[in-house]
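The following pair of complexes shares a single chain, subunit A, combined with subunit B in the former and subunit C in the latter.
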Partner chain A sequence: MALDEIKIGGLGASRRRVEDNRFIRGKGNYVDDVVLPGMLHMEILRSPLAHARIKSIDTSAAYAIPGVRMVMTGEMMAARNLAWMPTLSYDTQAVLATDKVRFQGQEVCAVIADDPYIARDGVEAIVVDYEPLPPIVNPTQAMADDAVLIRDDKVNQSNNVIFDWEVGDRESTDRAFAEADMVSEIDMHYPRSHPSPIEACGSIADYDRSTSKLTVYMTSQAPHIVRAAVSMVAEIHEHMIRIIAPDLGGGFGNKVPVYPGYVISILASILLEKPVKWIEDKTGNLISTGFGRDVYLKGKLALRKDGKILGVRMDTVSDHGAFFSDAQPSKFKIGLIHSAFACYDIPTAYLTNRGVYTNKAPGGVAYRCSFRVTEAMFFQERMVQAAADDLGMDQAEFRRVNLVKDDDFPKRTPFGFLTDSGQYEKCLQIGLDAIDYDNFKEQKAEAAKRGRLLGIGISTMTEPLGAGNSREYDILGIKMFDSAELRVHMTGKAILRTGAKTQGQGHETTWAQIVAHELGIPAEDIVVEEGDTDTAPFGMGTYASRSTPVAGAAVSMVSRKIRAKARKIAAHLLEVSDEDIEWELGRFYVRGAQDRGVTIQECAMAAYSNVPDGMEPGLENNAYYDPPNLTWPFACYISTVEVDPLTGVWDVIRMVAVDDCGVRINPMIVEGQIMGGLTEAYAMANMQFITFDEDGNCIGSNYMDYLLPTAWETPGFELHEVVTPCPHHPIGAKGIGECATVGGPAAFVNAVMDALKDIGVRNIDMPLLPDRVYEAIQTGQDVSGHPPVKNR
Partner chain B sequence: MTSLFEELQPAAAAEVQTTRVDIKINGEYKAAQIEPRLLLAHLIRNGFRLTGTHTGCDTTNCGACTVLMDGAPVKSCTVFAVQANGHEVTTVEGLATASELHPIQEGFKDEHGLQCGFCTPGMMLSAKALLDENLNPTEDEVRWALSGNLCRCTGYQNIVKAVLWAAAKMRGDVPADEAATADDSPGGEA
Partner chain C sequence: MFPSRFRYEAPTSIEEAIALLGANEDAKVLAGGQSLIPMMKLRFANPALLVDINNIPDMGYHRADADGSFRIGALCRHADLEKSTILREHQPLLAAAAPLVADPIVRTRGTFVGSVCHADPQGDWAACMVALGGSVIAQGPNGKRAVEVKDFVSGPFTTVLARDEIAIEGVVPKAQGTRTGGYLKLERRVGDFATAAVAVSLDMSGGVVKNAGIGLVGVGSQTINASEAAAALIGSSLDDEAVDRAAELAAEASNPRGDHRGSADYKRHIVSTFVTRIIANVQRSEMQVA
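Let's look at the complex of A and B:
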């Protein structure tokens, strides 16, 4: 009898999470929980200035403190050719500053001491003499003719422009605009934000001279990439490096890059021959590590009177900070921003992007998004709403006119991606029905008569998740595939390892469900391990919603390889030929004689005790999966809000989310991902942003300034699902971890703009802080086109 | 014990003034000789090696370091260890007994109230402080009680459900959502 898939924790089971057993007991093992014998502690001295020349550094007072073992400076790093390191975007980044500091918070010195408190005392005792230089805090300043050169360390750099990039068809797009009945324009800024996992970054480097082996425990979403990077930077052979990413207290893209702190702790351990632990504090994390967004848009849509979009023009400028250290596929300078308008049927589009240096922290990371698709989809949905309003057309109807139809797949997007599946209008309709769209519009009109401002905002989008394929996607030349290795023991229990790295997504639970689905081995019989480069197969890690699309597919494929071998063993045990064997969940049987069969567990035992002649014993295998395409989940988010005209405060009345991420491995976990993403979307729309004053001081350097929503203000969410299986994924799944962060912000902002539409306000840049909304209400003008906090 | 309590001695003990603290932690009496500036979170984590108490923000905002002091939630990253002298401290390690999880722990697991797990110990202790006073909280009361604890993963909705689940169980009601599917842990342990 075939097994009941739900009962064995297979596909579709809302299986309770395995990893929770340790987390709820406080037995997680995060980097700061790891203690090695003789371990020393490291603290970093950071620059208080955004732009300054270093005249001198005096470390003598630090050395005088009992317990301080070493003070590391840029000079010391330079002597070992480690003052600079390569970034993931083919630029260089200072490890410890030698010549200048280029942003507030940049690493200047590091103190290694017996105790973290003493290390901090040492940091306080260092005296650095700076000669201040004019700070550049936005792209306008950066591109000014007389702008001071930030990257004077680079030989061929004569201004602050990093790159100019374009995509799409300029000529045909120009033609579309020339032929349009109407052009809708809107400019906006997606403010800088920080992923800000509650756990900051950290590492423990442990160099053992007797074995020449370097072991590093660290907060990494991509330990194998780090191993490659460390072998390049530190000139240690790759087989002598072991990176262990233990439990991660959240990542959201922040823990993809290689940060100076890791590198310094490694060199310190080599020099002192002791384990060196570096645990970043929250301020260090917020002011120096990978941020997200900070892109300006001039957007235009060419429109026909009946609502059809004829062409898209997007001119964007991105602020990368002092070093171009975006974590993204090499081929694309500004990530996958050109995935914009992928869900709409638009004949032509053209996008330009200019990237600039500023005196701000580096590291444009994919903050809970698939490489700049968050900006893409936010801009898209704001442009769509503005266009609908400009046409005087209902925003839902406008989308319906332009959405790609179910039978149009496969479909080229306006910028050339290939989407393959979806039921866009169905999702939209479910969302509209759920929120009772027509009724709300009536309510809104009624409320307006009494001076109340109600609004409804829609955001519909499909986004590209799960890089590669390897033809187009690589990081520093390493192709973006992923891997899984499965070992089935003789009793039918198993261990699975992948090249991904969970950080809250629940891989220990869901990967076992995929194996259970493929092999019929109960999920509880499968242990999942990730994050140790000495034991896990090579993979590109977890970010950009790529785990299920890529590593998850590898789990399926390796399970199928195991099943193929088990089938031969089954044939041997049942004394029939391979072709006469049928499979049902957990069991092979003889075609036409269903009661004659063997279980997968019996095959496992035979693999170690009774293999057919000529067959290798054992039941293990691995799979490297190179996806044929990205996966394209679709989402429709609809929010209703009420804006208080007297204060500018807005409240979410309802938030409806309709997600189609294909087949759901574990519906409970999928919903958890969606709700988490919606909360970050709400945060960005409402409060969460990083900005800088005119001196380059980071505003948002701690949780008192960098506001994150709590349980109190976070709205409730209503979730709905549609399932359109991914046509190329082995189990039909698509990425989901980031859809809500990507598509969510526009739903909230569109709702507030809908509320303010009748008083003439078309745009307020995020976050929609009460003072900015109030100003818009009072003046009837947009509050946009400049960074959200005005300089003093 | 880490360096602050042992390796400091020869180098700095003569100059650094230390003081004794006596704390009852998770029912067990403990004492340590510490620098007055040592924070409670660090004494718990590095001194007593109870690493379930996490430090997230160092500024009393995120609540990952929440412990109960005489039953009331405090953020141990901004409490000096000496302030806990003579007091009773409960950390996440004190929630379960050897054989049995606390209903709050069960609720967090059953309702998927955690993802990365980093905020979870603090969340659960804030929840315990609430439920110790009020076994019948409304959703708003739960949200308010947890508003000193930040979570970046879950969006709170399931955390709120988890606390309401635990409240029901502690009242002796059957928690609403008992739709658990397959057993879920290797070896069948709950």
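Let's look at the complex of A and C:
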């Protein structure tokens, strides 16, 4: 008599996304759709120069335009102690420039006007006199002895280094290298990229003097963190601040930080006592907001002749731009980059990182990176392939030798994380079988005889998803747990709220499936709401693939609390003691008499109409979940490519993906996440990056220069799955949102490098643009791609 | 998008449109708008008046005329050409280029003549017209005149059109024999500006090239007419020596700048590679026909 879980939209149902109903009808409600009475419009003047001293700002012509209400300058912000704001990494960031501009696109002034056209006219009328300074666009320039000090605003800052950080065991790693049969070395740059959500950032600040309440509609993936930050920066009490993140048109980590535009719109609303709307344009988004990567690696593996990796050494330099504003756990200056090599059984490892300031937009932790795990896994898999090639060993066999075995769990990673589950070799084998590995190698050799360049690349990795636990993970001291609140109405329908914030992940669909799984209430009877800090329980938001591991677990736990109370009500209704009650999906029954039972809906009605003596009425609860560990999904991506030796153009022949993200709540959504991630992986490998010229001009400031692949270029993907349940998650799920973006790029790059192996080329920096590939083929040399862009 | 303030007129006759252009200092013609509107959005272009010609009847045609010429009206969209069977039948070079113009969204709205008039060194159609020896028919208050496309473009984003003239038609001259050719473009992504692109047109008779033209895209400050390279093919039977010479001369005719799409040397190399490839493709399809 138990319900069919798939039919009620429970665990494992490929249920259609309920949110799509409004999105495909154009009925989504984004920040720009919100219109408030008397609302004014704000536009930002951005610096055209990468590095310059501001000599003067003349706003008189802007004020002369009818309809311009206010021109905000850094000086005006400074008068209210708001010219600078704290970042999420304990640095400061300019809100509006007062002394210098430090990157092209930095906010200099803001015009508030009756409509957005007038606001633009106002911005054009402002005259700023700049005295140019030498721009710095890469770490080598930043660390040069005679480098100009970018952050001369900071006391005690004598150079452009932000921090030095290390992790691992230097001594034992040095020993491993001393004892190695062979050392494989490779250097590379993971270029700067940008998440580029289709909806750029924006806010509407609405300060009501009569109630002293500030309401802000905002493109935020983490509205509760913003509420805390605003209360600190703007000195408004937290209960008087309401952040509403309505529908978001993508986030990818771009919408975690607090941006100057938000802060300026808030101050403008307070000063003008009107709602102030700021909607960033695409260029503003691309040149000024949170980017991803921009990390340099010198990597070394200590190897034994039989292929065993004895030790890892990674020396990295990260380019953070003009302000250290990475949104990441405070203990980890360079995110979780030390999750590298977690899937391999390696005795020792050591990593150094130096963070530097440059005259580029701030950020670094974004774009489905799971706190820089993208860099970790890309470096790892490129180092692994180079090592296999250096040993003259087959790349699949080399991985087999080093992958952690199924019965080794729990297993310490080389840098000290604890992995708990996986079937790595099984995933690899499924991938190899699917792509017909041995046969392709023969095809490749055959094609080589006719001058054709084929290649195959593998990427295997496990990554840490789902920060916290709260012992180790916090942002600005706020611990990284998450929450859910469930109210079951008397008719058995329910509303669920969480501290996460969906941006396309499909929470409205999948959270209801978890409740359906735990309570047997059909998913369609559950509405999910997120993003309003006045109604949602406190949570740390959605990024780093943490929602299912943390908030999703809280959804399970709150449902179980509801079930525990419903059990007592069922015992009361069935006139037996609690211990005699059994549960099957959607229904309690009397042990030994399965026909005597009550449904969860009947219990819900009784909770409001017939509770036992001494019990509180109602059926609602909340849960705060602090995960015991990160979750560790595993993935094996294998790509085959053909390179055109005369143009350097390469085409993907096939791309096979084997993902093990534990129990899949909604397989269709999981597959969508993987395909989206693989598309981004292909983009980064093939075409997508932000670079700079010698003058510090950002190249990648619009969609003609910053390339998002279309359906035309994107190759087909063949998906496979393995399910190893997470041992500590209530329903055995692991994170999945970022796996393909993290692990995918190396599969494509390794495939192209495999094609060029016999030419003697070991590395081309991403993206593998045709001219770079052609240059490598012509010269037989590696090709680096770091800025400034070469104008030859 | 928030452009500067502008006035908008939508005349229903070409005469009316010409009069509006004559009467207003800073007016621009709006046909497909696929370059003009983005430039207005960025406020790179701030015209005082837009003269929208989309309401003028009978300009969306393309047709093969009895005299052997091929005519394309000012409101003929890229997508019309992409789908056209008569284009494939009569103008192999244009048919090869049609699906490579911009992206499907732009092709739906953008126009052939508008693209030629925009005179972007990245324009596909101008290079094709140069290769084909095509012309633009310009109409002004005193009537019509024909201008060869190689003379029509006077610099980057500038043409010889007078302020009160509208380009109403593109004309491809009659073939001297059997017309063949091809178009190759290297772009990082659909809709990207070309790293380099090459248009080759060949009029063949009895296995000999009677007439040839080569247009180059994205490798100079304007569309390049590689006439010496084309001349190396005329009179030849497309033997390796002639083809190699043409490829070399085309690369020499290009004048690219290195940028994030590739170095100048790389772009020159792509030009010569594409000349060779287009001719090889032509020969391969001839063999299949034979």
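What we mean here is this: the second predicted complex is superposed on the first by the 786 of 792 C-alpha atoms of A that agree within 3 Å, B and C clash if a C-alpha of one lies under 4 Å from a C-alpha of the other, contacts with A are read in each partner's own complex, and residues count from 1 in each chain.
By definition in this document, a contact is a pair of C-beta atoms (placed from the backbone, for glycine too) under 8 Å apart; a residue touches a chain by one contact, two chains touch by 3 or more.
Small disclaimer: the values here were computed from a predicted structure and weren't measured.
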- Message: Quick check on the superposed pair: does A:647 touch subunit B, subunit C, both, or neither? Answer first, second, both or neither.
- Response: second
- First (subunit B), second (subunit C), both or neither touched by A:523: first
- Return first, second, both or neither, reflecting whether A:187 touches subunit B, subunit C, both chains, or no partner chain. neither
- May I ask you to decide whether A:66 touches subunit B, subunit C, both, or neither, giving the answer as first, second, both or neither? first
- Who does A:710 touch here: subunit B (first), subunit C (second), both, or neither? both
- Task: Based on the superposed arrangement, let me know which partner A:770 touches: subunit B (first), subunit C (second), both, or neither?
- Result: second
- Regarding the shared-chain residue A:6, is it in contact with subunit B (first), subunit C (second), both, or neither? first
- Determine, under the contact definition given at the top, whether A:117 touches first (subunit B), second (subunit C), both, or neither. both
- Item | Dominant toucher of subunit A (residue count), subunit B or subunit C | B
- Message: Need the overlap of the two footprints on subunit A, from subunit B and from subunit C, as residue ranges.
- Response: 116-117, 704, 708, 710, 712
- In the complex, go through subunit B and note every residue touching subunit A. 2-4, 7-8, 11-12, 15, 35, 37-38, 42, 45, 49-59, 61-62, 64, 91-93, 95-96, 101, 105, 108-110, 112, 114-121, 124, 142-144, 146-160, 179-190
- Task: Over in the complex, which subunit A residues touch subunit B? Could you list them?
- Result: 6-9, 13-28, 30, 32-33, 35, 39, 41, 66-67, 114-118, 196-200, 247-252, 281-283, 503-506, 509, 522-527, 668-669, 671-672, 675-680, 702-704, 708, 710-712, 714, 716-717
- As the complex stands, subunit C meets subunit A at residues 2, 4-5, 43, 103, 186, 188-193, 195, 257-266, 269-270, 273
- Which residues of subunit A touch subunit C in the complex? 116-117, 119-121, 124, 646-649, 686-687, 691, 699, 704-705, 707-710, 712-713, 769-771, 774-775, 789-792
